[in-house]
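Next come the structures, one after another.
Each of the next two complexes has subunit A plus one more chain, namely subunit B in the first and subunit C in the second.
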Partner chain A sequence: MEFNIAKSINLHDVVCPMNFVKTKVELESINPGEILEIFLDEGEAMLNVPRSLKEEGHKILKVIPIDGMYKIIVEKK
Partner chain B sequence: MNFTGEQIERYSRHIILQDVGAQGQKKIMEGKVLIIGAGGLGAPAALYLAAAGVGTIGLVDGDQVDLTNLQRQVIHFTPDVGKPKVASAKEKIEQMNPDVQVVTYEEMATASNISGIIRDYDFIIDGTDNFPAKFLINDACVFGRKPFSHGGILRFDGQTMTYLPGEVCYRCVFKGSPPKNAVPACSQAGVLGAVAGMLGTIQAAEALKYFVGKGELLTNRLLVFNALKMNFRTVNIKRNKSCPVCGEKPTIVELFDEEQPVCDLRKEKE
Partner chain C sequence: MDPAELKKIGIIQQKQKGLYAMRLRVVGGDLTALQLKEIARISEKYADGEVHLSTRQGVEIHNVKQADVAAAQKKFQQAGIEMGACGPRVRIIVACPGEATCRWGIVDTKGLAKKLDAEYFRKDTPHKFKISVTGCPHNCAKATENDIGVMGGILPKWEEKECTHCDLCVNVCPTKAICKEEGQYKLDVKKCIFCSICTALCPTSSWVVEKKGYSLFIGGTMGKTPRLGTRVADFIEDKNKLMKLTDNTIRFYREHGRKKERFGHLIDRMGEKKVIEEISDGV
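Entry: the complex of A and B
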């Protein structure tokens, strides 16, 4: 399934909590219902950022593993 | 307004808050706060508002830094003794956060200058140390429809309320300055430095909440605390129909300067 990506952010090597801070800044720059693509490292980043996104009510549409990283597709609340 | 990389880092702990976020931080950065009195209350308020990235901070104070100020006026340091308080505070704010624009007014707020000064600001903080100034700020903010935070401290006690246009004003609750004999003598007028910090910080938090637009302000409520017992309570307050400034038949229709009994200790020094 193809997603209509409004913005994309690469958070490779960005640690907690700055990875979530940067995600929030990007999310707040798009409209509700639009889609943000996030590249996250496996490990702590993957454990925390998606969970925080859900806590704020955003919808995670897809998680795609890409060599040691993950691509997260999020729909803004 | 877009954040720089540095701003995202500097304000990350605000942005991360669900009730602030990037939008809330932008509102803070567009905000203009006037702090009247760069002393016990104004010092901590200015420091936290500067750290928060408030766009413009105005400082009104005609005094110079005195050695006796340093026990609680934490924006002033020992080498600042003798400097105008507004200059000393401006230096610290600029070192702490170059994002903040500081405007100084090296004068006391009076009936003739206050309206012109508050006009350019979104939120006013009363950090003054005397009743005439507190009532003057109230009346000017009621007339100018400006939100403000009232604050007062003495010994271990503090009180604060937040005025919004159309809501309870300071004079609804306290009609005017207390009689001279009800004001403590100078020898009794000590204050725990940390109490000033507690109250000034509450005032800063109110200003930030006002910009972010989340939560409940201390509007129509008076917060009183005693740090000796560490007891806090809020008292609900109502608009007073016979309030001399915002009531149905106001008797105060223009600003005025009230004579204030100057403390003998202060008089000697000045």
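Entry: the complex of A and C
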């Protein structure tokens, strides 16, 4: 599935809650309906960031595992 | 007073002659700020001004002189703090905060811990007997390391209606219990640990809670011969039903346990199947 990515952010080694803070900053810089691509480490980050995205109403479209990390495709609310 | 009688209520002779450690009855690690202040005052007056936190949420003051034990005990009593337990009996009930404050907490841990404390605290058993209540399978309160361990859990179920097939569930499940087959998400119940990560995280809430309740583990112990608890039952909704099982468990241990034999080692001696059958009888 191809997505029209507006912005991308690599959060490798960025711990909670800074990873979500940085995600929010990136989401601020795009328009509603546009797509942000987030690279997250497995473990704690994967438990917290998707949950926070859900709580704020953004839509996760796809999660793809890549070399011990995950690529999260998110549509801004 | 007789040292053996004192030990029963958590007043323990230290290796230093004439000095005692005083262990307090704390349920689920909860004390009020006022009680903490009172403990601090008592420690300053009768101990060495220090407070020791035990590995199982207990609060103790150490180095109390024999002559001061009764006075310190009276002060604790006046502050509404009871003495603890030591030796071959049911010890302090441990609990995590559970659903009261934790985002992962699935069940009420504090209420259950209070109920278990009221029912079993300091009850004599063949050897020490430890009970813990943990709110979810993250198992922060180490239910599987206690003679009786209670753990909250949910059984998830997938509903296709709103699902956008983003695959988050497949990727966050800690035991890889979720897979995708022919466009459908499937749960392998044998692999599922009932943790609620899928139901909590699913962006469209397509993973829903089908069953929810307490799981019971028996015979967990650490110490010199560690053994993890044996799973007895899952998704027990009714606290009274759970208490019937714990009643039976403690009765069984009291009937069949040998002196100084931990419950888990009794289970290994008699066989898991037989013990589970006996304690589940009529529940």
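Please note the rule applied: the second predicted complex is superposed on the first by the 77 of 77 C-alpha atoms of A that agree within 3 Å, B and C clash if a C-alpha of one lies under 4 Å from a C-alpha of the other, contacts with A are read in each partner's own complex, and residues count from 1 in each chain.
By definition in this document, contacts are C-beta pairs under 8 Å (C-beta built on N, C-alpha and C of every residue); 3 or more make two chains touch, one makes a residue touch a chain.
Keep in mind that what you see is a predicted model, and the values were worked out from it rather than measured.
Applying the stated clash criterion after superposition on subunit A shows that subunit B and subunit C can sit side by side. For the combined model, the angle formed at the CA centre of subunit A by lines to the CA centres of subunit B and subunit C equals 80 degrees after rounding to the nearest 10. If you count the residues of subunit A touched by subunit B and by subunit C, you find the higher number for C. Contacts of A:17 after superposition on the shared chain: subunit B is touched, whereas subunit C is not.
Legend: residue contacts after superposition of the two complexes on their common chain; A:46 is shown touching subunit C, with no touch to subunit B. Judged by the touch definition given at the top, the superposed model places A:28 against subunit B, while subunit C stays out of reach. Of the two partner chains, subunit B is the only one touched by A:56; subunit C is not. Residue contacts after overlaying the shared chain place A:65 against subunit C, while subunit B stays out of touching range.
After overlaying the two complexes on the shared chain, residue contacts for A:77 are found with neither subunit B nor subunit C.
Superposition on chain A places subunit B within reach of subunit C only down to 17 Å, the least C-alpha distance between them. Residues of subunit A that lie in the contact sets of both subunit B and subunit C are absent, per the superposition on chain A.
Remark: subunit B residues 3, 8-9, 12, 15-16, 18, 21-23 touch subunit A in the complex. Subunit A contributes residues 17-18, 20-22, 24-25, 28-29, 55-56 to its touches with subunit B in the complex. Subunit C meets subunit A in the complex at residues 103, 164, 166-168, 170-172, 197, 200-203. Subunit A contributes residues 46-47, 50-51, 53-54, 59-65, 70, 73 to its touches with subunit C in the complex.
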